[in-house]
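The letters A, B, C and D name the chains in turn, as written, and every chain counts its residues from 1.
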Amino acid sequence: MKKILVTLAFLAASAAVFGQDKTKVDPETGFPLPQEMEHAMTEFWNPQPKVVEPGEYVGNPAPSDAIVLFDGTNLDAWQSYDGSDAKWEVKNGAMTVVKGTGDIRTKQNFGSFQLHIEWREPRNLKGSSQERGNSGVFLQGIYEVQVLDSYNNPTYNSGGAGSIYKQSAPMANPTRKPGEWNVYDIIYNAPVFHEDGTYRVYPTVTVLFNGVLVQNNTRINGTTEWIGLPEVRPHGDGPIILQDHENPVSFRNIWIREIK
Amino acid sequence: MKKILVTLAFLAASAAVFGQDKTKVDPETGFPLPQEMEHAMTEFWNPQPKVVEPGEYVGNPAPSDAIVLFDGTNLDAWQSYDGSDAKWEVKNGAMTVVKGTGDIRTKQNFGSFQLHIEWREPRNLKGSSQERGNSGVFLQGIYEVQVLDSYNNPTYNSGGAGSIYKQSAPMANPTRKPGEWNVYDIIYNAPVFHEDGTYRVYPTVTVLFNGVLVQNNTRINGTTEWIGLPEVRPHGDGPIILQDHENPVSFRNIWIREIK
Amino acid sequence: MKKILVTLAFLAASAAVFGQDKTKVDPETGFPLPQEMEHAMTEFWNPQPKVVEPGEYVGNPAPSDAIVLFDGTNLDAWQSYDGSDAKWEVKNGAMTVVKGTGDIRTKQNFGSFQLHIEWREPRNLKGSSQERGNSGVFLQGIYEVQVLDSYNNPTYNSGGAGSIYKQSAPMANPTRKPGEWNVYDIIYNAPVFHEDGTYRVYPTVTVLFNGVLVQNNTRINGTTEWIGLPEVRPHGDGPIILQDHENPVSFRNIWIREIK
Amino acid sequence: MKKILVTLAFLAASAAVFGQDKTKVDPETGFPLPQEMEHAMTEFWNPQPKVVEPGEYVGNPAPSDAIVLFDGTNLDAWQSYDGSDAKWEVKNGAMTVVKGTGDIRTKQNFGSFQLHIEWREPRNLKGSSQERGNSGVFLQGIYEVQVLDSYNNPTYNSGGAGSIYKQSAPMANPTRKPGEWNVYDIIYNAPVFHEDGTYRVYPTVTVLFNGVLVQNNTRINGTTEWIGLPEVRPHGDGPIILQDHENPVSFRNIWIREIK
């Protein structure tokens, strides 16, 4: 055993000392690959968004030209990642994550849009930071607007409810108590790409969270990664994805208006 | 009389034929001044914004950090243009234009902000186009988001409810029937100026009208003139102004959150 | 006299009331059409761009990845509007407008690009304002960067050399004397359209004029009309067009780098 | 062996669970501080910018309204960081880094501007990647446009000549051979800040490198750090800073035009 531990210690030390040594080389080009990051490198807790008590706004009904994605009765507009039926629970006008059944996605893909979605944390959540009531709304299946129980629950500021996950902290924290419904009104403008797959026009997003502005035409810089920097990869229209992060978060009153 | 009419006809003809003749010269520089426009030159009726029936959204209450500009009881936050007390009527939780008393403006000035404001047209309005239920919400006292009874009332498309007056038609027309309350949720980002008074950063505005997106981070090109082109003049913070356009339009539930 | 004045007053009043009378009606919709403008309505002479004496920069040669549109020897990359051969004169390494032969356009169409082009006014030009050495470079065949002898030749400020014609005055006037070569380095980013033909992303343009910045990522608002407001119409890639405005303006050293 | 594997698995698991352990805690707030990054985490070698052979453009002289920062004769416009005289060598119309004398900065501060600057690598440079001919031009003293001998010298793509250091790779690589002069024409628009010190308007930059567009109105996301993510801190006008990176890089023909 001793030998092994020594070896491990040696490896750790060399990693610390030789930094770039840890960088792998791309066998195709011979160039170094970027050293891998760790998740805590993109976690900034200070400052925390100021807490705002929202008004009672909730339940904004769908306008006549909206596509209703969930009216409380069924998951017909949704499917699992593998194309099979969505397996979340539908009850009392809400859909709820069933842990382990995976994310669900709309069958329809979208470009730019206005999205209304309501979500609720269960009352007796335990855990803290990202471990409390975690879910997410992915725009075009890629860019996550974080869902989290951010009521009296500090976390890194671009990881709380209303954040563009690990990119943009919300301008305020108007999260309601667990057990109460929250509302996102999201205006999303899809990206346009160069031929080489980089952004010509970045995606942008405005978010009203319980009627409070938390993202003000924020530029999205790429995918919303837990570990590492945003990645840029070209894509066309994509679904709305709701995340199974193993917490029984509920959603309801989901509608979308396409911006063509 | 005949002679007079002839003279008038001659003048009209010469104006038509010699165009530039009507252009005055700037006595200071000797340069021509731009020929004056007429209001109908900036009135484009086609296409009409598509009619959308909004959901029942109304009455979004003020978040805890909002400045309440009108809670239904008094005009304490407002004044007339000359600094005297605002003279509009306050009754049943609403304020209503009293024809001829003039525009009213907030005592406080604002830069960028999120504004919530509700408005209602009287039930028995007559007239058509701009002559029906005309009022307006002026951002920083300068840039008008039009208020009009646009329910079954066509007008030029950048003159209807939800337009940036004579600059940007709304993306949809979700106006409710006269007698019902309408809602504007406005996100406004103030301009930044060059030293010469031109825009370095143009003002932009997003408008949700009865919960329906009608302005999507629209650039404002200058003042919102009835006659002629937008004008650019430097300014600092300014008030919210509500317009007395001689129609008894009502307002209520007005609150604003500053974006510093 | 009194009677006359009364009559005049009456006419003035009726003009005010019936203003829209001059507006024609769209037979299809029954809606008024916008009243037609006159050219002098969009001509603003004050202020004049400040005169800057440029450095001697001229003749920037093509980088290896540029498409050479004119190397001084032939018009092979160009054609007339009707598809026939371009009929301008090629002599001494320059091409020169042959009055009445019409605009010429590149055979190839372009999206976004970096364009280098040099132009020269003849020495003994007569006339003033727009009547002196007028030509133009049309980006994507639609948006004109004005070419004019602006050396000691005032005109409306968005009509001089380096302007986006009738939209954006140049930030400075570094025009060289007639007989000397001028240089435009233009960075143009093409628009993206909504399905309804309006801009989703406006075209933008940066212009260095004889090495002096005169357009700083300027948004183009639509077509560059002599009479009336910019028009927005959807389009794809388009040619570079050089204008035959009946003045013998010369061009040389034209190359373009595509931004894909 | 089995035991060993178990141990390794345990270590891996604890790393996953306690990952944040490496993160220090902010003594003031009790919140975790972000884990520190290593420089190789922001180094992306693939793809390399395409090599373009530029035209012969060099030496664009100053327009009449430019502030000449270096005309080849003296360092009067410059100083060391501590306010003492700049100690770089002036010879044959160029200034050259004297290793160890430190960066030099303009005495004057600037907001937005157009900057022309020429730079040259010595002929017999050794080393590779960032170790060859490294220097930099800092806009407002903060945002680095990289200077490097990128002629046949691969490095991470946002670290080569023409890059916004560690933020934005150049669109092309037109670097000339060591011993030849290179040219940057830079159009920089300064940021505007929110009260909390975040960007309201991000800085943007366009760079022509030997006449080739390499930055196309690129948004700058914050400081250009060697290690870690860009940082956002509020600032006013600032100097042009030229970097002493211990390599004898030369500069000449430096002029700037303010954009007020």
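Throughout what follows, a residue touches a chain if its C-beta (ideal position, glycine included) is under 8 Å from a C-beta of that chain, and two chains touch if they have at least 3 such contacts.
Quantities reported herein were computed from a predicted structural model and do not represent experimental measurements.
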Result of counting contacting C-beta pairs for A-D and A-C, higher pair: A-D
Same-interface partner of B-C, chosen from the options B-D, A-D or C-D, over half of the pairs matching: A-D
Whole-Å gap between the CA centroids of chain B and chain D: 46
Rounded Å distance between chain A and chain B, as computed from the means of their C-alpha atoms: 38
Distance between chain centroids, defined by C-alpha means - chain A, chain C (Å): 46
Distance between the centres, which are taken as Cα means, of chain D and chain A, whole angstrom: 32
Junction residues of chain B, two or more chains touched: 189, 196, 259
Parts of chain C lying in touch with chain D, wherever the complex brings them together: 50, 52-57, 60-65, 114, 116, 171-172, 174, 185, 187, 189, 204, 206, 208, 210-213, 216-217, 257, 259
Residue numbers on chain A that touch chain C, as the complex places them: 112, 189, 192, 194-196, 200-201, 259-260
Of all residues in chain A, those that touch chain D in their complex: 1, 4, 8, 19-20, 22-23, 26, 29, 31-47, 154, 156, 196, 219, 221, 228-229
